[in-house]
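I've put the structures underneath this note.
You will see two complexes here that share chain A, one where it goes with chain B and one where it goes with chain C.
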Partner chain A sequence: MDISILGSQILGIIPLGDIVFYMTSFNLFMFVTALAFTFLIAISKTETQVEAEFGTLGDRQLKVAKNEFKIRRFLAIICGLATAGAMVTGDLFDFTLFVCLIGIVNIGIVGAVKQIDVLDSAFQYGLIAMMASTPLFAGAALILASTGTISILEINSLTFTTPMMLLGSLLLFMGVAGETGVAPFFATKAEMFRTPGSPFLLIIHLSSLLIIVRAIEILLIINKPF
Partner chain B sequence: MLELVPSVVSPIIVALYTPAILVGLIIALIGLSAISVEKNDLQVLILTDIVGIAMLIIVASVGTDLAESLILPGLVVELAEILAISEILMSREIRKTNNPVAIIPTPLDFNLEILQTAPLFIAIILIIYGAFLSGFTGGAVAGGGILFYVISLTVRGVPSTLWEGIAGISGIAWCLWLIGFLVLFVFPQYWLLGLMLAAFGIFIKVAFKVGLIGVMNREEFRKE
Partner chain C sequence: MKSIGRIWNSFANPDKIPRIYAMILGIVLVAGFIIPLTLNDNQLYPRPEPQNQINAQDPLAPYDRGGTPFQERGIVTAQYKQFLPAIGFITAYLSPIAIGVKNTTLYYGTSIYSSPGGLIDEILYYTRGFDTVLESSILMMAFVIASWVAINFTMRRED
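Now for the complex of A and B:
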C-alpha cells in the first residue's frame, strides 16, 4: 500500500480502531514542523508593540496583560496541536474536524483584544469561518456518499473517480479556504495581525499554510488526476 | 464501479438522496443571498445559522452511521462558533459604547414555596433511576434529581464548597469518559472495560453538569 501520487512511501500507520493515522515522509515533515513551532510558541514570551503617535514625538507601548497572555498561549498551543493532528490523520472526517477546531481557535486567539478594529475583523472572519463549515462538511459527506468510506487509504485504493467525488472535492476545498482564510477571504484576516502579542499570532499563519498543503494532497489522493 | 448501497434499502429512499442534496444547497444559497443584502451585524450572525443548518441537511442525507458521526460534531462546531462570534460581537459593542453592561441582567430568584415543602426523596428516586439507566439519558435523569435537590437547598443557602466539589467531580468523570474511548481504540480486546468507563463517565458528567448552573448561580448571588 503506497501513496504513489506524491512519490512517497508509507513509513508506518498508527491503527486506533477505525481511525488510522499514517505517516509518509511528506506529511511526517509537516507534522514535525507544526510540533516544533508549537513548542517554540509554548516557551516564548510575548512581544511589546510600540506605536508612534501621530503629530507628536511620543511613543505608546502596547503591553499584553498576564491573564490575556496565558489564555492566548493556551489557544495557540491547541491550534498547533490541531495542525499537527491534521497533518498525519488518515481519516477525512478527522481532517475536517481539525480544520474546524483551527477556525474556532483562531477566533479565540484574537477574541480578547481591546482594539475595536481587530474585534471587527475577527467578527468578519468568524462569519466566514462559520459559513465555510457548510461546504467543508458537505464536501466530506459527498465524498463519503460517493466512495462509501472516509479512510484516505481506502479511497487511495479505489480505481474509479466519479463527478460526485469531484463536486465533493471542490466543496471541501472551498471549505478549507474559508476556514483558514486564504486568498479570496484574506481581507478579513489581514487586520487580525495588528493585535499585540506576536508569537501567538504566527501560528494562525502557519496553520493555514500547512492545512492548505495537506488539503491539496488529500484532494489529489481522492481524485487521482495523474 | 463499486456497489455502494446494499440491496435491502428501498429504491425510494435511494432516490431521495439527490433531492435532499439539492434542498441543502438551495437553503445555503438562500441564506447566503440574505446575508449579502443584510447590513445589521446581529441579523447577519443569525442568518449565518441558516447556512449551518443547510450543512446538517446535506450530511444527514447520506443516512449512514458514519454520517451520523459527522452530524454531532458538525452541530457542536456550529454552536461553538456562534457562541464565540456572539461573544466577540458583544465585547466589540461594549467597547464601542464604553458602557459595561451585565451579560445576564436578571438575578435568579428561586424562593418558591414548593421548594421548601417538596419531599426530597424524589431526588433520590431520580438519581437511583438514572444510575440504573446509565449513559447520557441516565445522566440527564440523575442530573434532574440533583438539580431538584440543590435548588431546594438553595432556599436555605448552599455552601459554595459543595458547588465547587460537584464541578470538580464532573471534570474527573469527563476524563473517565475519554479514557474509556482511548481503551476502545488502543486495546480493543478490553472493550467491556472501555464501554463501562465511557458509560459511567458520561453518566456522572451529564448528571453533574448542574455544577455549571451552580457556578452561574453563585455569581448571581455575588452580584446581589
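Now for the complex of A and C:
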C-alpha cells in the first residue's frame, strides 16, 4: 500500500464487500482509544452520588437501580463500538450511519434516567438529533452526486473540488454537530450530565469528541484546502 | 437591541437550542439554492432508465437490479475492482413478505411501502454489504430504547 491520506501512510485495509475500513496511524490510535474505553466501561460499576442540602444535615444518596444500570451499560457499549467503527471506516455513507447510531444510543443512555429535568433536556437533544439526520444524509448524497463515489479512498485521489462538494461538506458538518451536540448546541447535553451514572455518561463525551475529530479529517480529505 | 451577553445566555437554555439549530440549518439550506449544481455522470451505482422497467411491467421498477440470489449477479459496479467477483449475489434477494407483495401488485417499487426493516431497503442495500448490518442495528437500538421506556416508565410507574 503506497497510498497516503493527509500525509500518513495507510497501514492496511479491512474489506467488507463494497465498504473498506482503512487504518492509518491516526485512525488506529483513535480506534484503540475508543475500544479501550469501551472495555473499561463494560467491566465497571456505576457511581453513587450524594446530594448535600444547605443548612441541614439531610444528605441524600442517589443510587442507580439494577435494571437501569444494565440497559445503560448495554447502550454505552454499543455507543463505544459504533465510535470505534466510525474511526476506521473508509466509506462516507457508512460514517453517517455510525454517527446516526451514536446519536440514537446517546438519547437512550439518558432516556433511562428518572429525573424530570434530565429527561426534558434529553428530549430537546432528541429533537436536534432527529433534525440533524436530514443534513447528515443529504450532505453524503450531495457529495456522492458531485463526485460519483462515496469511498473516502477514491475521493482522496480526486484532483478537483466543486462548490457543491463544499455545500455537501457544510451540510455533513451541520449533521455531525447536531448528532453529537457540540457547541453552540451543547446546553442540552450539559444538562444531561447532571444525572448519576458515570462512567456510562462519559462515553457520550468521548464519542462526540472522537467523532468531531474524525469528521474534520473527512472534510479535509474531501475539500483538500492545502 | 439585545446585548451580546443576553444572546450568549440564550444558548444556555435547552428549550431554545432546537430552534437555534433549526434556524441555522434553514439558513444553510436556503444558501444552498445559489450553489451551482454539478452532477458527475460516472456514478457508482448505475441503473437503467426508470421508464424502461416501468414500461416492461416490472413490479420492482425502478429499483430492479436483476440477477438470481446465489446464482447470477445483479447489475452491480464495484467500488474496488478486486472485490467484484464476490459481490452482487444477494442483490436480488427478497424476503417471503416482499415476494408476496411483489406478486400482488405492479407498483411495489414505486409505492411508499414500509414495514419494520423497510421492504424497499431490501432492494437498495444488499448491494453494499456492511450498511445493511448498521442500518438494521440503528432500527434495533430504537426498538430497544422504546420498549425499555414503555416497560419501565409506562407500565411499571412507581408514582
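General remarks:
The definition used in the following text is that the second predicted complex is superposed on the first by the 219 of 226 C-alpha atoms of A that agree within 3 Å, B and C clash if a C-alpha of one lies under 4 Å from a C-alpha of the other, contacts with A are read in each partner's own complex, and residues count from 1 in each chain.
What we mean here is this: a contact is a pair of C-beta atoms (placed from the backbone, for glycine too) under 8 Å apart; a residue touches a chain by one contact, two chains touch by 3 or more.
Because the structure is predicted, anything quoted here is derived from the model rather than measured.
Taken together in the superposed arrangement on chain A, chain B and chain C clash.
When the two complexes are overlaid on their common chain A, residue A:20 makes contact with chain C while staying clear of chain B. Chain A is touched at more residues by one of its partners, and among chain B and chain C that partner is C. By the document's definition of touching, of the two partners only chain C reaches A:188; chain B does not.
With both structures placed on the common chain, the touch criterion links A:107 to chain B and to chain C. Contact with neither chain B nor chain C is seen for A:43 once the two complexes are overlaid on the shared chain.
In the superposed pair of complexes, A:93 makes contact with chain B and with chain C alike. Once chain A of one complex is fitted onto chain A of the other, the partner contacts of A:116 are limited to chain B, with no touch recorded for chain C. By the touch criterion defined above, A:141 reaches chain B but does not reach chain C. Within the three-chain superposition, the chain C stretch that clashes with chain B turns out to be 37-45, the only such case among 37-45, 55-63, 73-81 or 109-117. Of the residues of chain A, those at positions 16-17, 19, 93, 97, 100, 104, 107-108, 111-112, 120, 127, 131, 134, 144-148, 150 touch chain B in one of the two structures and chain C in the other. Chain contact summary for the complex, chain C toward chain A: residues 11-15, 17-18, 20-22, 24-25, 28-29, 32, 35-44, 78-80, 83, 86-87, 127-131, 134-135, 137-138, 141-142, 144-145, 148-149, 152. Chain B contributes residues 1-2, 4, 17, 21, 24-25, 28, 32, 35, 41, 44-45, 48, 51-52, 54-55, 58-59, 61-62, 64, 66-67, 69-70, 73-74, 77-78, 80-82, 84-85, 87-89, 91-92, 95-96, 184-186, 188 to its touches with chain A in the complex.
Listed in rising order, the residues of chain A touching chain C in the complex are 15-20, 67-68, 71, 74-75, 78, 93-94, 97-98, 100-101, 104-105, 107-108, 111-112, 120-121, 124-125, 127-128, 131-132, 134-135, 144-151, 154, 162-164, 166-167, 170-171, 174, 178, 184-185, 187-188, 191. Per the touch definition, chain A reaches chain B in the complex via residues 16-17, 19, 93, 96-97, 100, 103-104, 107-108, 111-112, 114, 116, 119-120, 122-123, 126-127, 129-131, 133-134, 136-138, 140-142, 144-148, 150, 158, 160.
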